[in-house]
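In what follows, structures are represented as C-alpha cells.
Both complexes shown next keep subunit A, but they swap its partner, so subunit B is in the first and subunit C is in the second.
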Partner chain A sequence: MADQYNSTETLTNPEKTRYSFFLGCVMPIKMPWAESAIMQTLPKFGVDLEYLKKATCCPRAGVWKSVDERVWLTLASYNLLQAEGDGRDVMASCNGCYVTLYEANKLLRENPEKLKEINGYLAETHTHYNASIRVRHLLEVLYEEVGVDRIKGESRKVPIRVALHPGCHMRIFEDGRLVRYFSELTCALVDEVVPYEDEQMCCGLQANLADRQFATYERAKKKFDALKALNIDALVIVCSGCYDQFERAVQILKKEIGYEFDLPIIHLAELLALSIGTSPDEFGMRYLRTAPVDSIIAKWESDRR
Partner chain B sequence: MESVHFKTPDLDPAPLNTKIILHNPDRCTGCRQCMTACSFKNFNTYNYDLSLCKVIRGPDNEFVRIHCHHCSDPMCLAACPVSAISKDLETGIVSVDKMRCIGCKACTWACPISVPQMQRGLKAMTKCDLCGGDPSCIKVCSARAIELVSREDNR
Partner chain C sequence: MSDIFPWRRQVKVPVPTTVKTQLIRHFSIGLLYPLNEEVMEYRRRSGLNPVPPTAHGYPEAAADIQTLIKAMKVDKKIGLDLDTMEYQY
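Right, the complex of A and B next:
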C-alpha cells in the first residue's frame, strides 16, 4: 500500500528543503492565479522552490496503468529525473499529478528490476533516473515543513466562509493525512469551513472518459447543488484535475440547461497569499475565473483597512 | 450420440487462501475509476455498460459497489444448465466458459446481486474473474476503497 512508503523519510541533505514544482497540464492554462500564488508565497515561508523544467504530462496513472504500465513509468521517470538532476525533490499541487509521480517513484525505488527496465527506455533520450528523490504534495510541504502554527502566526484570516473539495487522490493514504492537512490549513486561513454531505464525492473528472453526461450531471452538478445550498463565499480546492472538471462542467451546464454556478472556486494558495497580505492583483486573482471573486476581495480589503 | 453428464463439483470445505474484493463505502468517492479500468482491461474501451463491476448510490446515498464475490457456494454455478460456470478450488475464482455458455441468463437470475451479464456481441455470459488474480480495478483506486483480501481473514 502507498502509505507503507514513508514520504517524510530523511532527505539526502536534511537541512535543505529544495523543490522542483511540477505544474501539470492544467494549472498554467486554467489556473495562473494558483501557480502565481504558490510561486510567490512558499518562498516567503522558507521553501526553496523552482519550476520543474522540461516537464511532460505526469501522465495520468488511472489511465496508463490500465493501458500500458511502461508508458506511465517512463513518462513519470522522465519528469522525476529532471528534478533529480537539479538535486531537488518534486512538489505537486494537483492530486492526480502527485499520485502518479509518487506511486511511480515508490514502485521504482522498491523494484530495481523495474527501474532497470525503465532506464532502458529512458536511454533512448540519453537520460537516466536513479530514483533518489522524494515526491511531495503541496499540503505536505505546507503542513509538515512550514507548519500550521507558523502560518497562523504570520497570517491574518480571510473573513470568509468556505467549503472544501479534497478530491479522490487526496485519500491515497490510509490514515487520511492529506485530507486532514487540507482541512487544518484551510481552517487556519478562513473564518469558517462548512462541511456538506457530498464533500467526499468525486468531481467527475475520471467519468469523462466513459460518460460525459454522467460526469457533468451526476457528479459535478450534484456537488454544485449541495454547495449552492450552503450560503458560503467559495469552494476551496488544491487539485488541478478537479478544477479542470468543475470549470468545464460550469460551462456545459450553463450552455445546456442555463444552470448558473456563481460560487468562486479558489485554490488554497490564494487564501495563503491573501492571508499574508499579498494583493489579489499581484497574483492575478481576478482573471480566468469560473465566477467573479470580487466579493471575496471586497471582504479581504474591508478587513485590511 | 454419447450423452454428456455435467456435475457440480464438491465445494466444501472452502480453501483457505482465496481472495475476494472488499469495498469500503466510507472511503469510496464514486469516481468509477474501477469501472473504466475494468472495461478497458476486458474490452479495450472505456464503457460503463461493459464494466464487470458497478458503483451506484445506495439507499442512504452512500456509494455501493456491485461486484462478484466469488461465493463459497455459487448460486450461478448451481443454476447453470450446461455447467459452463466453474469455481477454481485453489484460487476461489468463479469463471464462465464462454464456449459452453448458451446465454440463457439463469446465472444472472440466480445470483443474489445479478452479477453475470451478457457479453455484447458474443451472446454468452461474462463476469469478473479477478483478472486472473491481479485485479485492474484495485490498481487504480486512489482512495483505497477496494482491496483484495483473504475471505477467511475477513469473515
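Right, the complex of A and C next:
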C-alpha cells in the first residue's frame, strides 16, 4: 500500500474519495449544527462520506505521549481500523483529532515493529490494524478534492464579515497549507474575511489542563477582546477542540466577571451549507450556540429573497 | 537493580486532577462527553440521529477501550481501578 502515499499524504489516486467521518468527543454533543452541515453538504459536492462507527476519543496525543505512547497509538489504531474495515480513509474536522490520528497512522506505517506491538494489544479485542488507509482533514478534502473553483461555481456568498480562528494544530505542516486552505475556502464563501493581530493565538485548550485561569483570561479572553473590536458577524472555526475551549471560556467569563461574548462562533461547513441554499433549520443552526446566530440568518435570508 | 538498591521504590506520580475526571469518562463511555436527553433532542432538531454512531451508540467500544487499557497495564500505572473507577493515588 505504501506506493499510494507520498510524504505529505497528498491524494495520488483522485478517484478514491470514500471517507469515514471521525466525529470525536465534542462535535456530536456540543456542535450538532456542524456535524449536520458536514454530513448534508459534502455529499452534494461528490464526497462519498459515511460516519466512522464505534469512534472513541482520538485520544489526546498531547496527554498520552507524555504518559504512555502505547495508549496513543493503540487507541488511535482502534479508531482507524473501524474505517479500514469499511475500505475507507478517515476524515476529521477537529485539528486535534486530525493530528492525533494522522501522526499515529504515519508512525505506524513507517515502523512495522511498532505496528506489530500495537496489534498485539488490539488482539485482545479481536481486532487488527494494517495501517493501509489515509487520514485527511476536512480542509484537505474540500480544497484538494472538491476545489475552491467548484465551490465558487456552485455557491453564493453569505453576505457577512467574519474573522478566522485556525487553531495551533492547523499549522501541522511546515508549508502551512491547511491554514491557507481554511483562509481561501472561507474567502470563497463570505463577503469579507477580516484579519486581526491575535488570529494565530492559541484558544487555550491545552493550557486549560494545567491552569484554567490562564487558559480563560490570558488566551480565550484576549482573543475575544480582539474579536469584539472588529465589528464582524462571526468567528469561523473548524476545530472542535478550540470550540470546546471557547464555549467553556464564554460560560466561565460570564459567570465570574459578567463578560459577554456575543459574537457567534460558527463552523466553515455551516457557511458551505448556507452558500448552496441549505436552510439553517435543516442543520439546526439555531440550537446549542454560545451566542445567537439570528443576525447571520437574517442577512442570509435577506440575500436569498 | 533491586538487588543493588533493595530500598528503592517506584515513585507513584498521581495523574493531574484536571485529567482524572476526563480519563474516567474516557474509560467509562469511550468519549469525553456524555450524551443526555437535552443533547439528543437538539440532535433530532438538527436532522441527526439522536444517538451518534460513536461509542455512544456502540457501548462495546467502551468495553474494548477498557480491555486495551488493561492489556497495556496502564490502569496500574495511573492508579485507576477500572472496576470501581476510583483512583488509588
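Definition applied: the second predicted complex is superposed on the first by the 291 of 305 C-alpha atoms of A that agree within 3 Å, B and C clash if a C-alpha of one lies under 4 Å from a C-alpha of the other, contacts with A are read in each partner's own complex, and residues count from 1 in each chain.
In this text, contacts are C-beta pairs under 8 Å (C-beta built on N, C-alpha and C of every residue); 3 or more make two chains touch, one makes a residue touch a chain.
These figures come from a predicted structure and were not determined experimentally.
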Report clash or fit for the pair subunit B and subunit C bound to subunit A in the combined superposed model. fit
One more residue to check, A:125. First (subunit B), second (subunit C), both or neither? second
Rounded to the nearest 10 degrees, the Cα-centre angle subunit B-subunit A-subunit C in the superposed arrangement comes to 70
Who does A:279 touch here: subunit B (first), subunit C (second), both, or neither? neither
In this superposition, the partner of subunit A with more touched residues, subunit B or subunit C, is C
A:29 in the overlay: touching subunit B, subunit C, both, or neither? Say first, second, both or neither. second
Contacts for A:209 in the overlay, against subunit B (first) and subunit C (second): which applies, first, second, both or neither? both
In the superposed arrangement, does A:251 touch subunit B (first), subunit C (second), both or neither? neither
Contact-wise, after the overlay, does A:67 reach subunit B, subunit C, both or neither (first, second, both, neither)? both
Which holds for A:99: it touches subunit B only (first), subunit C only (second), both, or neither? first
Can you report the least C-alpha distance between subunit B and subunit C in the superposed arrangement, rounded to whole Å? 5
Please identify the positions on subunit A that touch both subunit B and subunit C, taking each partner from its own complex. 67, 209-210
So, in the complex, the side of subunit C touching subunit A is made of residues 15-16, 18-19, 26, 30-35, 39, 42-43, 45-48, 52-58, 60-62, 64-65, 67-72, 74, 77-78
Residues of subunit B touching subunit A in their complex? 27, 29-33, 35-37, 39-41, 46-48, 61, 136, 139-140, 142-144
Provide the residue numbers of subunit A that touch subunit C in the complex, in ascending order. 23, 25-26, 28-30, 32-33, 35-36, 39-40, 51-57, 59, 63, 67-68, 70-71, 74-75, 78, 121-122, 124-125, 127, 208-210, 212, 282-284, 287-288
For the complex, which residues does subunit A have touching subunit B? 1-2, 61-62, 65-67, 95, 99, 168-169, 171-172, 174, 197, 200-202, 204-207, 209-211, 214, 219
